[in-house]
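Two complexes come next, and they have one chain in common, subunit A, joined by subunit B in the first and subunit C in the second.
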Partner chain A sequence: MAVNPSSVPSVGGGRLMRVSPRGAGNGWKAALFMLPSWILLLVFFFVPIVLTFYFAFTNLSLTGTSSSAVTFVGFRNFASMFSDPTFRVSILRTITFLVFSAIIGQQVLGLLLAILMNERNRVFRSVVGVLVLAGWVTPEIVVAFIFYAFFSDQGTLNTVLGWLHQKPVAWLYTFPMTAVVVANIWHGTAFSMLVYQAALGDVPKEILESAEIDGAGRLQRLARVTLPIIKGSIATNVVLITLQTLGLFTLIYSLTGGGPGNKTETLPIYMYQQAFADYQLGYGTAISLILLVIGILASLLYMRMLKIDL
Partner chain B sequence: MPRVSRFTLDKVLAYGVLALIGIVFLVPLLWMIFASFEPNATLSITFPRSWSLANFAQILQQPANQQAFLNGLLLSLGQSIVVVVVAGLAAYPLSRYQLKYKRPFMYIILFSTTLPITAVMVPVYELFVFLHMTDSLWWTMLFLSASGLPYAIWIMKNFMDSVPLELEEAAWTDGASTLTSLRRVVAPLMVPGIFTVGIFTFAGSWGNFFVPFILIQNPAKLPASVTIFQFFGQYGSVAYGQLAAFSMLYTIPAVVLYILGQRYMSAGFNFSGATKG
Partner chain C sequence: MKKTRVVWSVVSTLALSGVVLAGCGTSGSGGGNKDNASANGNGNSGQQTITVAYQQFGKPPYYNAEWLEKAAKQFEKQHPGANVKLEPIQASENDFYTKIDLMMKSASTAPDVVTEDTFLINADGSAGYLQSLNGYVSHWSDWSKFSSAMKSGSTSNDGTVYGVPFSTDTRGLYYNVKIFKEAGLPVPWQPKNWNDILAAAKAIKAKVPGVVPLWIQVGKATGEATTMQTFEMLLYGTGDTLYDAKTNKWIVKSPGFLDSLKFIHDVYSQNLGPSLSQILNAQAGNTESQELMPQQKIGIALDGNWLPGNWLKSGPSPWPDGTKAYQLTAMPTQHGQAPGYTSMSGGWALSIAKKSSHKDLAWEFIKVATNKQNMEWYDVHQGNLSPREDIAADPKYQNAPGQFFKVATSFEKFTHFRPANSQYPSVSTQIQTAVESVATGSATPQAAMQQYANNVARIVGQSHTESK
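For the complex of A and B:
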């Protein structure tokens, strides 16, 4: 993280920056103030990232001979990873989980809630809002228990189906991916709802009104006016939620454990199984490197989209 | 006439869909609430015949659970304090001084806020084993602090930018040192920011399962988030009522903190607007 001062553009961009009255010579003082955060970030954040790139190319393991003698194995971890059908399946599971729970589920439901709540009765709006927020505030592990009970054989969902004269379904065995997707939508939608509520609040009323005068219907105004205006918020929110969902472990691990079989084994679960259940730390690190690289790319995309002037 | 009826239809449809979504969100929660007050609870949802506190009492009376809540409190409180102090110190020069490396530093901070922590847990575990730091609440707390720092520095800097420099100049004229003016002038004006960062750090830490699950094995040192998971594995299938009560007890602090945090968030949201992008 060496920074070459001459290559750095002047600070503040267009913003007028007041020079500290204490004048020059603040460099060492600034460094001293930032030292504790530098140390913490270096030891616990940047060193592990560097270690990921190193250990991913070793045969490090928790047991056996290689636990004491770590050897460089080149791309062997990656070669065995790409020839392992379980890995390919887990990539597929990750994409399925991501698309249905985060991109389709949370975005569509969050946007729908924000649109429907716009200009509705305040009490009604806040009651529904609180119910959606309850899912967000509930810790992931509790979300897993709640949905374990909800989807269990004698659980709430089958009780409701019974009222409708339907046969009970063994949800967690027959449709485990649906179960984790639903649980994650329940847990995560509130965030998108809040983001879209804020975004809708920024849509100028005059534009909507003039569109209405011009004869645009409700759906037309949404598709032609509102959505184009808030598309920036949608894009950044999709990337942000993707990043969060990519690293999701607790909810899936405690609801299904990645099973039955490997039906809900996303990348983080696969990584955990290889590194900690099978003691193949080097191989596990290679999987985390894949996660890390996807994460880094998505982070860079996110930062480009924000277009913040620092 | 058709215009009016269309308008009411729209309205009814909107309220109907909203009500339906609300109910769908409420229903999964009901099992936990009902079961926690029912000593003989099963996985099926039943309205408790007599609202009993027996499940809560049983969970709270076990010394292991008390220890777990205490461990969770130590981790979360420790992390919040470290994060607020360290991020506050780092935010000061970033907000007040003209620094050559400010822009890249802020970019690194922003970049770090979004990286999934899951991706580095395997190497972090290796680091902890190598440095003999596993099974330690202290080191786990410091790792959690580091993972929460980027977001905290970002928010703190934005809050600090809104504190007028003139007030500090007055303190400097009176001979106060930078650290004194930070503590006596800037910090009191940043109470909403400090509470926002502190509360959200605490809530995030309280709900974190993965990090202590990987870094701590000693049962006596596990926080409630992991103990509750093990309780489910050991007694869950026989004592659903207790599991529900445990879950409720564990969730309540998160709810309370969120409500508290909301108050400070709305007070400070206008000047932390930069995070919305």
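For the complex of A and C:
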């Protein structure tokens, strides 16, 4: 060991001792190589997060006196948020949107598709798979345009209704929430489907077969065997799509702009309105913190419900 | 233990949404690639480039772009070595305001010259975005040619001049002669109070199917148009106002406020207005002036004097007979109380960004752009009233074809200006929220006013509000 004469002693300890100085050197080298990414993370991730917390407690605005002379206002932003009925309505709309489009829509539809595809031949799988995936790979803004073309006054849906001699409906104004929910299900189902396809592949055939031999029907096999086995995937999937849906902005904003009135104003839209349309950056930042809290609570709730550790 | 990891991943994922906001708080994004080299060239030698940011939206022609290009050419000829870079911002009005504010927050994105809506100018001035022009205008002989009312529109309460106004406007009622005759209504028409307007709209609805009886902007998407063309045209005809300049307080509840919302409720709940899908989007103004009015599908429209500019030969929707088919008349007060009519005036100004590094050159450019000849070209083409008195007195301007300059100028007798308060832009968006919620039926006028009062109290502070 010409490199390091001090590290000779006994075999077992020697290896450790020999490794540690070299390890220390590696540590420094590793740190050096990681430094750029740490700096990037610090500048673009950590600092903005800290600033987010700070601005949430100020009256920072985009224009006017409180833009140049920012003052600390304590919990005022949060206090007025909770006394603001628009905010409460907005939370309610966020939860409605989340439950119907993500948890019920994408989740259940994705699982259903995965199960159906699991038992079919390759042609069927690839055709359906491509169709569903098309929705997923389409950028949100394009999805919004597609659904605008579908739901608008002279859109596809009303044209088809016209052929059936039905009166046209102003879908985006009469059923705005339904419209954005449908659009988001179309856009996001593929993700759940992919997760469940992978999970179903891991369910051991033997267990399913023995359940079948024991006389379990299709539904029983699904409920008693398959679902418990893929519980972990369900939890991961629910958490992921919940977070995605909670933060969804582009689709709703470009489809309805949060309107009509505030009928589709979910929290991200409300946050944007307050920060960039109403010039109240501090208040908008405070709303983003609430969004964060909702995300954490929802995730903990899922894990408690599924009795699972991720 | 694993739960903590999940919590942290959730925290970091969602915090990203906040990051976007926080990032804008400090430096600001948006804007184009600004030529940084030019910002360094502070000396007198070499090329110097000034950027001019302005809004460009909807169908061409863009008269403001043509006007600024003209001025830029003249300016470059007069100032060898200086370049003007025009920076059009493709955005609706609300987005434009947000974008220029974000641009002016940082020296690397701030334009040198910017077009400012006078309603925002005080707010942007007190935010520290705009350069005081007092030192410049005091040595400018043309400044005395501007009407004093318009000068006050771009001057803050403490006397700081933040911009040189280049256009102003008034608002009134357009009515379609053909539709009125079919509905058995008198032509020329001069309503004496709000009821006359509603009665005419009802008559049109009953007798002329397939047309929108009364078009008034009520969407949040149409931004300041909803506040000014609709709500303030109503409110300032009730005797109540938005802001008490004596006590420096916002009047958040008043009988006039409630009656104005009730009028909007009456129009939309009785289907006297356009469908919500027509009115609640940023294109509503273009749908109105460039599509429905040329098709003679709107009975009455409450809008600004610039509207016929859309119908000029060079306009986005040429219609030579437009100013015969539609006539402009004054908006009456609520019950016809003195002075009988009402109007609102706003306008635009050229300002210099505080973070500009070529302020003197920028000022030279503004002088060229707002000289009599250039401004007259712009105001006549765009259909704006001119803030310069020497232009207003010019017969060529007064009798410009395809415009209602004479009638519209007569509204200046009873017109109102918006509160010159730096909080106005934030309050204005609350008005839009109230108006849209009443028009869509998601709130009663009473509830919408209460909501407005709460929101304004949050923004300006409870102690700066009062009820009447």
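One rule holds in what follows: the second predicted complex is superposed on the first by the 263 of 310 C-alpha atoms of A that agree within 3 Å, B and C clash if a C-alpha of one lies under 4 Å from a C-alpha of the other, contacts with A are read in each partner's own complex, and residues count from 1 in each chain.
Going forward, a contact is a pair of C-beta atoms (placed from the backbone, for glycine too) under 8 Å apart; a residue touches a chain by one contact, two chains touch by 3 or more.
As the structure is a computational prediction, the values presented were derived from the model and not from experiment.
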item	value
Partner chain(s) touched by A:L291 [first = subunit B, second = subunit C, both, neither]	both
First (subunit B), second (subunit C), both or neither touched by A:L246	both
Touching partner for A:S80 - first (subunit B), second (subunit C), both, neither	second
Subunit B versus subunit C as contact partner of A:L51, first or second or both or neither	both
First (subunit B), second (subunit C), both or neither touched by A:G155	first
First (subunit B), second (subunit C), both or neither touched by A:P260	second
Chain touching more of subunit A, residue-wise (subunit B, subunit C)	B
Touched partner set for A:V43, first subunit B, second subunit C, both or neither	first
Which of subunit B and subunit C A:I95 touches, first, second, both or neither	neither
Which superposed partner A:F145 touches (first subunit B, second subunit C, both, neither)	first
Subunit B and subunit C footprints on subunit A, overlapping residues	44-45, 48-49, 51-52, 55, 60, 152-153, 243, 246-247, 268, 271, 275-276, 281, 284-285, 288, 291-292, 295-296, 299-300, 303, 310
Residue numbers on subunit A that touch subunit B, as the complex places them	1, 3, 5, 8-9, 11-12, 17-22, 26-27, 29-30, 33-34, 36-38, 40-41, 43-45, 47-49, 51-52, 55, 60, 109, 112-113, 116-117, 120-121, 124-125, 127-128, 131-135, 137-142, 145-150, 152-156, 159-160, 186, 195, 198, 218, 232-233, 236, 240, 243-244, 246-250, 254, 268, 271, 275-276, 281, 284-285, 287-288, 291-292, 295-296, 298-300, 302-303, 305-308, 310
Subunit C-facing residues of subunit A, complex	44-45, 48-49, 51-52, 55-56, 60-65, 67-68, 80, 83-86, 152-153, 170, 172-173, 239, 243, 246-247, 257, 259-263, 268, 271, 273, 275-281, 283-285, 288-289, 291-292, 295-296, 299-300, 303, 309-310
Residues on subunit C engaged by subunit A in the complex (per definition of touch)	2-3, 5-7, 10-19, 21-26, 94, 97-98, 101-102, 120, 123-124, 126-129, 219-221, 275-277, 280-281, 422-423, 425-426, 429-430, 433, 436-437, 440-443, 451, 454-455, 458-459
Residues of subunit B defined as touching subunit A within the complex	10, 14-15, 17-19, 21-22, 25-32, 35, 42-45, 82, 85-87, 89-90, 92-94, 96-108, 110-112, 114-127, 142-143, 145-147, 149-150, 153, 165, 169, 172, 178, 206-207, 209-210, 214, 225, 228-229, 232, 240, 243-244, 247, 250-251, 254-255, 258, 274, 276-277
